[in-house]
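Here come two complexes built around chain A, the first alongside chain B, the second alongside chain C.
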Partner chain A sequence: MKKTKPILILLICTLFVAGCTEQKILERISITTLLGYDLEEEDKVTTTLTVRQVSPDDKSSLETQSNTEETSNGTSIKVNLQTSKKIMAGQLRVLLFGKKLAQDSIEQTLHTTMMNSEISSSIYLAVADGTTKEIIEAQYENITDIGQHVFNLIDHNVEEQHSVSSTLHEVVRNNYSPFRDIAMPIIKKEGQIIKINGLAIFNKSKMVGELSSEDAFYVIMLRDKFKAGSVELSLPGNTLNHDRDQDDKLEVSIDSIKSKRSINLTNPSTPEFDVTVDFGCRLIELHSNENTGRPEVTKKLEKAIGDKMESEISRIIKYTQEKNSDIFGFGDDYYASVRNSGLTEAKWHQMYPNMKVNVKVNIEIFRNGVFE
Partner chain B sequence: MKNTLYVGNTQKFNAFLLFYVVTASQIGVGIHGFQRVLYSEAKQDAWISLVLSFVLAHIAVMVMMKTLDMYESNDLYGIHLDIFGKYFGNFLNFIYIVYCMAAFLAILKNYIEVINTWVFPYLDTIFLCITILIIVVYAFSGGLRVIVGICFFSFFFILWIPPILIFPLHYSDLNFLLPVLDTELKGIAKGVLSMSFTIIGFEIINIIYPFVKEKDKYKRYVHFGLLFTLFLYLSILLISLTFFSGEQLSKTIWATLTLFSIIRLPFIERVEIITICIWLIIILPNLCLYMWSAYRGVLRMKFISTKKFTFFFVLIIFVVNLYVNKRATINMLNDYFGKVAFIVVFVYPFILFLFAFIKKKIKKSQVSKNEEN
Partner chain C sequence: MFKNNKQKKEDKEKKEQQKNEEKPKKEPISPDKNQFLLTVKEKLHSPSDFIVRSVSDNMIVVYVDNLVDNKNLNEIILTQLQEVEETPEAIHQKLTIPEVDIVDELNKFIGDMLQGAAVVHIVGHEKVVVAKISAYQSRGLSAPENESQVIGSQVGFNENLSTNISLIRRYITNPNLCNEKFVLGKQTKTSLSLLYIHGIATEEYVNTVRQRISDLDIQDILDSAVLAELIDDNSKSIFPQMLLTERPDRFCDGLLSGKVGIVVNGSSMAILCPYAFIEFFQSREDQNLRWPIASFVRLLRFFAIFTSIFLTPIYVASLTYHYEVIPQPLLVPLSESRAIVPFPPIIEALLLELIIELLREAGAKLPTKVGQTIGIVGGIVIGTAAVQAGITSNILIIIVALGALSSFTTPNYMMGNVIRIVRFPIILLAGFWGYYGIMIAICLMLIHLLRLSSLGAPYMAPFYPPRFKQWPNSIIRLPITFIKRQTVNSRNEDSNESQQGEKKVAK
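Then we have the complex of A and B:
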């Protein structure tokens, strides 16, 4: 008993002293939820951020801050001079890059973000059409918290597979992977709303091109384990009814049920890939009075949709080849299937524009709606 | 044979607890960031290196147990004294004590560094060091049976890791594992070497052997323990290899923690912060076992009380801790310690076994000669 007493006292002390470590009391800090980087002249970077401050009297206020400095820490010091509470980045949800910065290089910014242990690697990254300052500092009628709003916007679209998932982890992974390039959504302010306006594609860490948001469907189809997503296609008018003119478009909308893609390298020297997508879907919309319950109609439709998708996918791949941006990760497949290839990043970027891809899409329409 | 330890039954523990002792002593701070070093050597074949290093560990531990079996109830220190005599034996014992202290220091410093980087960047390392040392002293003062109890306890703090790895699995890409066996054999071998810091810990059976109750069936539990660690390390490594791209992995210092930071649960947003704090319980048996090993060694040289030993041990660790306070120095410590550990754990047991075997043979022939005469 004699021995335990001093130890007990020591233990109690440590228990209480633990409360004296660094405190981050919610009322005494301000939380960044959205961060935007823009490139200015002379390599300076403007940082714009939304700051949420929680006050004890049940009201939380929002403000935006902006500053220009060479390093992001330099800006953070300056921004701290403008706010009454210490800024913490642990709740950061979205990181935006101005278009100019993205076109210059996002390498340095990514590195800084990864170095900071405060920031979670599940935050979303996106490119802003124009400058991020415009988007963040604008006044919106219906949006109270812009940080949360942009996060939800990207999050639900990623979940429903309308947009490429661009978490910090994935972007950094693709950036440091020698044979794969980054793709992230573009965000645009249009009047009073903010919307996802396409897909920015990168070569290494420079933004080199844009794809429309409809194309994102096909990019996801080739890139990821695809789960849900719907797409609208316009097929040639004479697909189902030969009397109609070919230019008179037949609009179809389908919703994916399951999809499986396989990429096979058939010829390492060109290189040549066979891409097969098995796509099971249901019909949501069909601007035609044909009876889709009949097998031959379904078959025709499946063929037409498949052809259309093949041509769309080929077009997108061609575009990325022109821009030399391997967002699908064909390089990884190449590296994985060729032994002792000695493939380097530079070599792959030389090979990529000459790559040949044979796309085959097998469509299966499982069901249509409740009304034929 | 002389120097045999007589351990009363009240001080002994059941053999199956060795399973927990081995897992607890192996899993420590190394698990936070072993992928990076392993990847830089063996590339996508890192998992082969890992499996090979465990095969090596099984062999090493078998040899250790063979050596121990030659003596009825003796630990490494006693074997040293028996084989090499008083002076050289004591010298080797001294080296082993220093090794235990270095292991203690390396674990402590790495853990403090993780806390400082992830959770409290401005907290003084001295404060952290004192806090952890107090807990260790408290646990250590309870004796071996308490330490074994902590090992048992800490095992259940490890068990939640495999299920939580399902979250990062969502982002994994199997292509990063291919092509298999594309790395040169040299790289894989180097990978095995680099694992030594992470894999060591099972050498504790050298010291703990006399305290095991059922000496006829303790071996299987040691091997089970190693297999469990292999399972845990392999699952973490495979997920890290597919989750990160190559160069990213070689730039991520604590890949396991970064792996956890993608997980976002509804009730807790940053799992890795909790992980790091819970990790204190996982490294606690590690620290206690190394301290206890050192104490056993000191007892062989000179009898001193637990209190005195604790005081000097803590004082030395604390003073050295003051000088190892930069990331670069800690990395250097890890490098050197890893190399020394490889020799102590993977090379030395074979040499010792050889000596013990020869000694036994000589003794036998002497005995038979005496009988003839």
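Then we have the complex of A and C:
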């Protein structure tokens, strides 16, 4: 008898409290998969989104909705006025920023996105070349679900390390870190195709520059490890054969790249960094008739590839220094290596353009001439 | 705990007192023929199948028709009684029947007579000769229906106690196999046997079972399942704490690994205890298969329990509250199949689960041939019709069918039932509170399981209390040379060290 009372109370609570939970039954809500923010005049923001709705005729349909309001909540109220089912953002996969908005500041948008508990922190963020509205609202012949398409586009390129990973989690982490800046892919609509067209680099939360998508390779190399990357390089024509002209390009393609980078602060006052990248790869394409089985040929190739990469990396670092955007996180290394540095965000952004970096890339070609 | 023990003790004393009071007084046997017949008839309320047969002027044979073996009666008793001196002692010596007794007490020989004995009464003697020539009308040995196995023996217990015990003795030819007889039930006087192997079984468990059986004060026992419920640790729990098996090989395997067994007359199921939770999911057949195959099947079974219990609740919770967790490729098919369903997921799931339960119950109650038809009607007709009518979604039908299928892989029917029924409260909680509800259900279930015991031995052993050495063979089936003979909860403290760690096979 003693036990019956609490059980009864529990049962009654179950019944009453169950009424308080908010039900989100799958087919009775509209699901957003892609969201785009564009900046309009007077600080207003246009929100464009794709909405998947299920109708009782067994078919699900995609709609795009667009609205302009000052806060994102305001727009969501307005969008809800236009749809038959409540819009939920829990299945959001990609968040796009219009270029104008990115250049203005994405701080506010990041903040509201982070605050929304529904939204997963593993969604991808990207900058749209132009406005997001024209990408999302355009009609495509071969793309049925634009939300899923853009997500897959970014996802598989991140998996294969062709593009910098820019999940909400990583971006917010970089944004909140005082000595590190954001980089995220740029997406562009070209006719009927949507493609990744480079890398946007940020100073704090403002987009300040663009790198080409080929440069993204070197950015990943400095920021991260390669587990299985691949790249195509054009070396000077006289690398292997001295008779040939230097301007005649020698095309090389390598894959199965494994790389590891280490950053050492050598001189805190300038500051000066030593960046060493250990780089292993497999040669798959070489536009030359040289016998790559010979060790001296491989040596020459390794040296030429290393030189090429060093110069490319130096160029990219220089560009980021011009734009004052520390996407590699040198500031974090500085802060970690120098005791009592009293480094602040403002101080680091003063130091960054004057920073010196010595890049050393050690290439090793493990295999060549794999026949598949 | 203390209070409980005290109460139990008091109860026990009371019961003993009652027993003493109720014990019938010793009634003498009348030496006079007519008086004797009168008292016996009065005792039995003059039944129509009570037969009195005069052998000579002074000697009569009484018995209950159909309970005695007519061949023995005619060929041995009746012929030999013609030639014998008319004293009980002489008859006792002369009769060529295995079991002959001299009894001087009325109630005792009436009990024997009701079990199939012929009673010889001689005028002038206060004793009777009881010749036990009972004929059992029992079904022949057949394959067990509920616990079938592909490889291994195909014999099952039947309803006859002595046949069952002889089956067990054929498996274990060992003088240490102890057989203690009890009679239970005031009305039915059902006999039952407590079996264990001396030296392997833990004395503590044997004593517990013995005590619990002798403490029982009930009117009737018709099946061992009732007995199991009466003597287990927590009769109110949904989980069975003792195994009911109809396989002699499984029963003997249990005895050999140190468990205590009970066989009840009139029931084709024998009881094995103590049994741990995990052991309900181990089949005897696992021992007969090669170890990697048996391990795979065993793991499959564990997986099946989880799908069976949690798949439908997860469906309900995900679709009602947690649409965020649905993978993108599943999102469209799921929502499209749900589009025309008018109910919320919880109603939909409960409806379909109820249909499946109805089908199962109908199939179990009907004869095999009709049962199959029911399966087809239920599975195909109701399944497709329900989807086309838009009452349920395609995907839920798959999930519910999978859950039902999984629950049937449990080697024990009683445990399989539990797995099926325990789903309903979890579905309800999932419909009320989503994943939180499922978590609450898991917690409550775990707490309950951890509190359970079987003959005082922990039910969740070897996981809690952790006995790491027994984990491998509980989860997978190890090669036979690695198996310790004594299983979870059956460690015999009394037997010496070497025996305790004894392996099944010594190399």
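What we mean here is this: the second predicted complex is superposed on the first by the 348 of 372 C-alpha atoms of A that agree within 3 Å, B and C clash if a C-alpha of one lies under 4 Å from a C-alpha of the other, contacts with A are read in each partner's own complex, and residues count from 1 in each chain.
We take it that a contact is a pair of C-beta atoms (placed from the backbone, for glycine too) under 8 Å apart; a residue touches a chain by one contact, two chains touch by 3 or more.
Just so you know, these numbers come straight off a predicted model, no measurement behind them.
Undergrad: In the superposed arrangement, which partner chain does A:336 touch: chain B (first), chain C (second), both, or neither?
TA: first
Undergrad: With both complexes overlaid on chain A, does A:344 touch chain B (first), chain C (second), both or neither?
TA: In the superposed model, A:344 contacts neither chain B nor chain C.
Undergrad: Which partner does A:358 reach: the first (chain B), the second (chain C), both, or neither?
TA: Neither partner.
Undergrad: Determine, under the contact definition given at the top, whether A:120 touches first (chain B), second (chain C), both, or neither.
TA: In the superposed model, A:120 contacts both chain B and chain C.
Undergrad: With both complexes superposed on chain A, which partner does A:151 reach: first (chain B), second (chain C), both or neither?
TA: Second partner only, chain C.
Undergrad: After superposition on the shared chain, which partner residues are touched by A:31: those of chain B (first), chain C (second), both, or neither?
TA: It touches chain C, and chain B stays clear.
Undergrad: What is the contact status of A:170 with respect to chain B (first) and chain C (second): first, second, both, or neither?
TA: A:170 contacts chain B only, not chain C.
Undergrad: Contact-wise, after the overlay, does A:14 reach chain B, chain C, both or neither (first, second, both, neither)?
TA: both
Undergrad: In the overlaid three-chain picture, which partner chain does A:90 touch, first (chain B) or second (chain C), both, or neither?
TA: Once the two structures are laid over each other on A, A:90 reaches both partners.
Undergrad: I'd like to check the shared interface: which positions of chain A are touched by both chain B and chain C across the two complexes?
TA: Common interface on chain A, chain B vs chain C: 14, 17-18, 21-22, 90-91, 120.
Undergrad: Write out the stretch or stretches of chain A touching chain C in their complex.
TA: Chain A residues touching chain C: 14, 17-18, 21-27, 29, 31, 33, 52, 54-60, 88, 90-91, 93, 118, 120, 148, 151.
Undergrad: Of all residues in chain A, which touch chain B in the complex?
TA: For chain A paired with chain B, touching residues are 3, 7, 10-11, 14, 17-18, 21-22, 90-91, 114, 117, 120-122, 167, 169-170, 172-178, 180, 329, 332-333, 335-340.
Undergrad: Within their complex, state which residues of chain B touch chain A.
TA: Result: residues 117-118, 120-123, 131, 134-135, 138, 141, 171, 173, 175-179, 182, 243-248, 251, 258, 261-264, 269-270 of chain B touch chain A.
Undergrad: Can you check the complex and tell me which residues of chain C touch chain A?
TA: Residues in contact with chain A: 318-324, 326, 328, 331-332, 334-336, 338-341, 344-345, 429, 432-434.
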